[in-house]
Structure formats: structure tokens, C-alpha cells
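A, B and C label the chains in the order they appear, each numbered from 1.
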Amino acid sequence: MIWDALLQPFADYGFMRRALLGSFAISIGATPVGVFLMLRRMSLTGDAMAHAILPGAAIGYLIAGLSLGAMTIGGLIAGMAVALLSGLVSRVTALREDASLAAFYLISLALGVLIVSTRGSNVDLMHLLFGTVLALDDAALILLCSITSLSVLILAALFRILVLECADPQFLRSVSGLSALTHFIFLMLVVLNLVGGFHALGTLMAVGIMILPAAAARFWATSVGSLVLVAVAVAMFSSLIGLLLSFHYSLPSGPAIILVAGVAYGISLLFGPSGGLIAQAMPRRHSEV
Amino acid sequence: MLLKSAAVILVLTVAGPAAAQANKPIPIVATFSILGDMVERIGGEHVAVATLVGPDGDAHVYRPTPADARAVNKAKVLVVNGLEFEGWLDRLIDASDFNGIRVKATDGIEPIAFEEGDGHAKHDDDEKHKDHGKQDEQAKDDHHSAFDPHAWQSLSNAVVYVDNITATLSKADPSNAATYYMNRAAYVAEIQALDAEIRAIVAKLPANRRTVVTSHDAFQYFGRDYGLTFLAPHGLSTESAVSAKDIGHLIEQIREQKIPAVFVENISDPRLLKQIANETRAAIGGTLYPGALSAPNGPAHTYLRMMRHNAMALAQALGS
Amino acid sequence: MITALAFKNLTLGYDRQAAILDLKTEIAEGSLTAIIGPNGAGKSTLLKGVVGAIAPIKGQILLGALSRENVAYLPQQSEIDRAFPLTVTDLVAMGLWHEIGPFGRIRRDHRARIDTAISAVGLTGLERRLIGTLSGGQVQRALFARLLLQDARLVLLDEPFNSIDARTMADLLNVIQRWHGEGRTILTVLHDTETVRAHFPHTLMLARQLVAHGPTAQVLTAENQFRARQMCEACEGPPHRCGRSVA
């Protein structure tokens, strides 16, 4: 009976299987990137990026009309430009990464609105640009899986240097010239996962899956590697349960998945052994040197 | 002699501008392209129509611009649909300090109440309103109307629209009232002819092939008029979010009732419908135009062309 | 004397404001030198120049035969993120970068050396503790352990004993002595003259310009210290007033 409730929907319907596959893909690709974003205190990047891609999408629309492909590629270029510029500014000036990103995404958004309005079109670009997990066609699935594979490979290769770059950038700069390159490759990964996620799944799901599981994992794991594993597990679990809730209780799918992740975060916040509220309140035996 | 010339000059000075005024087109603002098209048919060269939500635009999620406020401010007549189709309108009117005549095109029609049913997504603040035939009143609270606003999808309602518009134009510009009524008569004749044509076509469709799936719930009036059933994953507005249950339900229905066709719309993302079509044996029947005309080089750039296009597309998909 | 480090007419600073003016001197290889001077004398700036974080406005810094891999630097304020989920071992292991780079595996002999370094700074038993749970002194010890693993010929320390307890300081001074015994060149910015007198054979006194450089007993005199203060005060005004020697 439970079996039915859990598995039947996926057995019966192709769209549920694809939704699950797509959600798992983004959980594996984007969530680890989100862990690093969180560690670098850049968790709001996702939201900023959703606005930053507008001029790219607008130009794509101007060139090719209502072609989702053109708008997504345009959005990708705009996102990369914003990420690169803000990274560059934060490296060569005193302005920190969050402030420079805020500056550039706002400029980008304003530019985008301008471009759209001068054309005199009433088409709500943003509305059309963002997909939903229930409408994943083959192209979107291939896009997601490719991004995930690329992301996982790059993250695995850059793991140590990325950890160093987040934990002690000063030290990395003093021993290696790769610091700037790593920084930019990381930003590229962020933009890639986000824009691909927007196209396939919509902003809420793309950003939510990136950040919420990472935040939840913080309360369970004590090393970067285990943070990533726990976060991915939380993301996949939330996807599964969220889709089932959407199926059995007629809830919108994206919000359902993110809310489950949110509940996971709440539980972790309370009961997580590593810094959770209850763990903090309990007296601990110190084994101090 | 001098007195006579002075009198002539005086008359000309007074009558001149008045005559010129009678020739200058009246500025009118229509909220969306279908209304705009109707006003142009009736008003002809006597009106200058500005349309807020243009071709292929989605009025459900439209955001007005300062240019719109300026246009409304200068307008003598504002033509709106009503039934809370234009959720953004009240604020725009406040902002633009409009003091012309406002006409609600849906005055006098018999609206369809939005019922929760199969294939509809649950709308956000859904309340169960059970009154049919009740004239729509502007609800003061902020929740969505209980009535389906897509009344123009019925040609008989279109006649009511045209009547309301003609009456208002004549009130605003009495000197050309005769022309307006003449144009109205011609237009109504065309509308009724198209109505008869569509009825004939639909009558030929087999009884078990009268259900289709569209993107959002915009065709209830069309369905009521001609005896077709429309199902949709989105509810009354393109804004509402879809749940897996709704889609599963819809797929089941399509399979059970052997619904032959699924239609995408010019104003929404086709991917969801393609997903549904993929899982059933329904074909994508084409594009329907629920609430906006096409671009000038498209198949539905006037209201009548739009209605004909929709009917033909449906008939073709259901008839084959 | 083999020169490890040479400053040739060096003017160094930020935004074209000179923090150091026309410095000309050499650091011998294997020497243990303290850099002292009043506040604003340019001591930290000098180290940053050596490590390459700022480029000279005029003049040069010559590193002899040394490359970047051979220089280890401990900044005054480490920018390490204490909230980052890193253990002491992870932190210390960073010192192996010059050997294993971004992709190399940490083998058993590496692990042994990490453990040795950790015990050399007195942190045995804390290998698996998160750095966020350490005291200031413990973090400083861990950073020293990382420096140990870096195995550099030239070690630059910027006020390494700020806000740590006496016991830690004593232990770290022992590490410095060890390095000195191994023939490494060490430059340390300090402000406590007692420590300098007790442990550092050479001193370089800076007051934006060179005041004196040589054996500590000769450099660390009351006269020099007075001169240094005057030179710095003179430079508090517009830059062109600097450089006038005060008798």
C-alpha cells in the first residue's frame, strides 16, 4: 500500500519519471555548487542571478523572437558577464564580492527592463523564460544532465583548490597563481547551473535546490566532503517527497519540493548535532587540552 | 458691409474649430487587442485607438508602463473587458487621473461561474461561488473573480460587446453616432454569419470527439456556445501553478475519453502541453488564440479572423 | 655573507603614498632578523612587498635565488575563515601545497610529516578539531605548523605574537629558533623590544626610512629609538617633509 503511494505515480506516468530524473540531476549538479556558495557567504547569488540574466534573454528575444533556446543562451551570456565582472571588481578593488555582484545585477536588470520596454512588446519574458519541473522535454533533460556531468567533473577536479580558495584565499594567493582562474571557473559553474536550472525548472526550484539543502547539511556535517554528500542526499530526498506530495495532494510541484527542503532545514536547525539549537543548549563534556 | 464681414469672420472663428473638432479622431484606449480591434471596426476613421496589451500579449500578467498612463489620461473613452480580467487596471486608472467615459464590454452578458472541476488547477484563493446569471459586481476585496472573464470567446457575447462599445462611442461623440451605428450593423452581420458557419462545422463533428485540451481555461464560453468541452491544466489565469496531480488527472482523462487533440496557446509556454501530449496519443492540434490577437502578419490579426482560426483548428483536429 | 634579500632604493606604498622611502640594505642568508619601528613605520608594508602583494613605486626588492615556493608568509591578520569546516589537520596540510599541488594525493609519509608538525607546535591530540573551536593561540600554533610544512628558505612573520598567551609565544619562539638552526632566513616584525633583545640576533629599525640595520645590541639603542620616533613624527605631515634627517 505504501509501496503504491510511493512508487505507483512514477511507474504510471512518464512525466513523473522525467520530473524525478530532472530533479535528481539538478540535485547532483547544483547542490554541491550551492555548498560552496554558502561557505563563501554568497547564498543570495541565485536570486541576484535570476534578475541579472534579463538583458541577455531580452536580446535573445530581439534577435530570434520567442525562441527559448535563444533566450536561454542570451541569459547564459548575460549571467556569465555579470559573474565575471563582479568577480573581477572584487579582486582588484576593495569592494567585496557581495557588493560588486549586487551592483552588477542591478545594472543588468535595469538594462534588461529598458531593452524590453523600448521594443514596445508586452510579452512577459521572464514568465516564458522559466520552466517547470513537470514540463521537462527531452531537450531540457539533456541540458540538465549535461550540465550536471560537467559540473561534477569540474568540482571534483578543483575540489582542493576550491576549498583553499574559500577557506584562506590569502594563503592560496601566496602559494599559487591559480587563484583567479579558480574563482572564475567557480562562478561559471554557478551561472551554468542556475541558468540551466531556470530554463528547465524555474527560478524557485533552481535557486532553492542550490541553497536550502546546503544550509540544512551545515548542521550535520563537519567537513566539506560530507557537507556535499549530505546536501545532495537532502536535495534528492526533497525532490522525491515533493513530487509525491504534488501528485497526491495537488500541490504545485516546484514549491512543494522546496518546502520539503525547507522542512528539512528546520529540522536540521533544531536537531542537527553540529551547531543545531538543541545541541547548543545541551551541556557538553569538554575534552580540552 | 463691415458688420457683415465681421459677422462672417465671427461665425467662422467659432464654427471653424468646432468643425475641425468634429473631424479630429477621438482618443480611445482599449485594454487589449481584441477590444482594440472592435473599437476600430466601429469607430473607423473617427477614433484613434491605443491598445495597452498588444498582439500576443498576456493580459493576465501585464504590467502597465508610464506611457500607458499617459495614453489613458488623454483618452476620452476607456474600453475594458471587466470580470476582473484586467487585475492591474484600477491602479492604472488612479495613477493616470482619467476623467473620460469608461465602458465595460461585458455589461449585460451571462457570465460563466468558475467551478472547480476535472482538469482545472486549484486557483489560489478559490471560493465556491454558486451563483450563475448574477451580474458581476466589482468585489472590493482582493481575491480573484468567481467568473470566467474570457467572454469574447462567444460570438453572441461579441454582439453585446459591440453594442456596449457603440453606445458609448455615440455618447462621447454624438455627431458621428449615425456612422457608428451603421458600422455596428455591418459588423454584427459578419459576426452572426461566422457564428452560423461555426455551428455548421461543429455539428458535423462526431459526438464522441468534442473534447480538447488547452493550456489555460479560456474557452468555456466557446464550449458553451457550440457544445464542445475544454480541459486545461492551468486554471483561469496563466499565472496559476500546476500540480502533478492535475497533470496526472488530465492525462487519465485524455486516455479514457480518447481526447484527440491538445492545443498550445500563443501566450503561454507550450512545453507543459507538449509533455502531456507526449504521454497520451493526443496530437498537438495547433495554436489557439485565447485572449490576444496575433501579429499583423499572423493568422489571427482581427477578432473575426481569430475566432475563425480557432474554430477551424479545432474542427480540423477533431474531425480527422 | 650570502645575500638572501636585497632592497635597492626601495620606495613602497599604497595609492602612491610612500610608506617606505628609499630603503637600501641587505638581509644575509640564514639570519634571524627582527623588524621594529614606531607605528606607521612601514614594517608590514615591507613584508607585503617581499611577498609580492604590492609592487614597488621605485627601486627593487631582489630575492636572490629564491622563487615564490621558497617564501613562506604569515600575515598579521590571517584572513582564514574560522567558520569554515576545516580540521587542524586540513589546515596544516595546506602547507604541502608546494609538493602536491591541487591534484596530488596525500600519502602516508605526508601524513607522518603533518603529525610531526602538529606535535612540534604542541597541538597533539587536536588533529581532528574544527578550527572554529580553537582558541587564538591554538590557531596561531596551527598556522605555524603549516609554515613548518612549507619548508621555505625565507620565512616572513608579521607580528606573530599578537594577542596570544605567553606559553604559546615561548613554544613558537622555539620553533623559530629551530628554523634558524636549520639555516633558514627569517624576518619577523615585532613591537616588543624585550623579545627582540632576548631572541633575535639581528635587527632592522624602520621609520619609513632606514634608521639602522645590524646586530641587535648595536641597533637597539635609546638614541636610535628616539631618532626613529622623530623621523616618523616628521613624516606625519605632507610627504615632502620626510627625508630630512633630524640631528
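Brief remarks follow.
Here is the rule we go by: a residue touches a chain if its C-beta (ideal position, glycine included) is under 8 Å from a C-beta of that chain, and two chains touch if they have at least 3 such contacts.
Note that the structure is predicted; figures quoted are calculated from it, not measured.
Chain contact topology: the protein chains form an open path, each linked only to its neighbours in the line.
In this view the innermost chain, defined by its CA centroid being closest to the centroid of all protein CA atoms, is A.
Contact count check for A-C and A-B (C-beta pairs in contact): higher for A-B. The chain with its Cα centroid farthest from the Cα centroid of subunit C is B. Averaged C-alpha coordinates put the centre of subunit B at 77 Å from the centre of subunit C. The mean-CA centres of subunit A and subunit B are about 40 angstrom from one another, to the nearest whole unit. Multi-chain contact residues of subunit C (touching two or more other chains): none found. On the subunit A side of its complex with subunit B, the touching residues are 9, 12-16, 18-19, 68, 117, 120-124, 127-128, 131-132, 134-137, 140, 243, 246-256. Contact residues of subunit C toward subunit A in the complex are 51, 53, 68-69, 71, 73, 75, 78-81, 84-87, 90-91, 94, 97-98, 102-103, 123, 125-126, 130, 146, 150. Of all residues in subunit A, those touching subunit C in their complex are 39, 157-158, 160-161, 163-164, 166-171, 173-176, 178, 221-224, 227, 289.
The touching residues of subunit B, counted against subunit A in their complex, run 52-54, 56-58, 61-63, 65, 122, 238, 241-248, 251, 268-269, 271-272, 274-276, 278-279.
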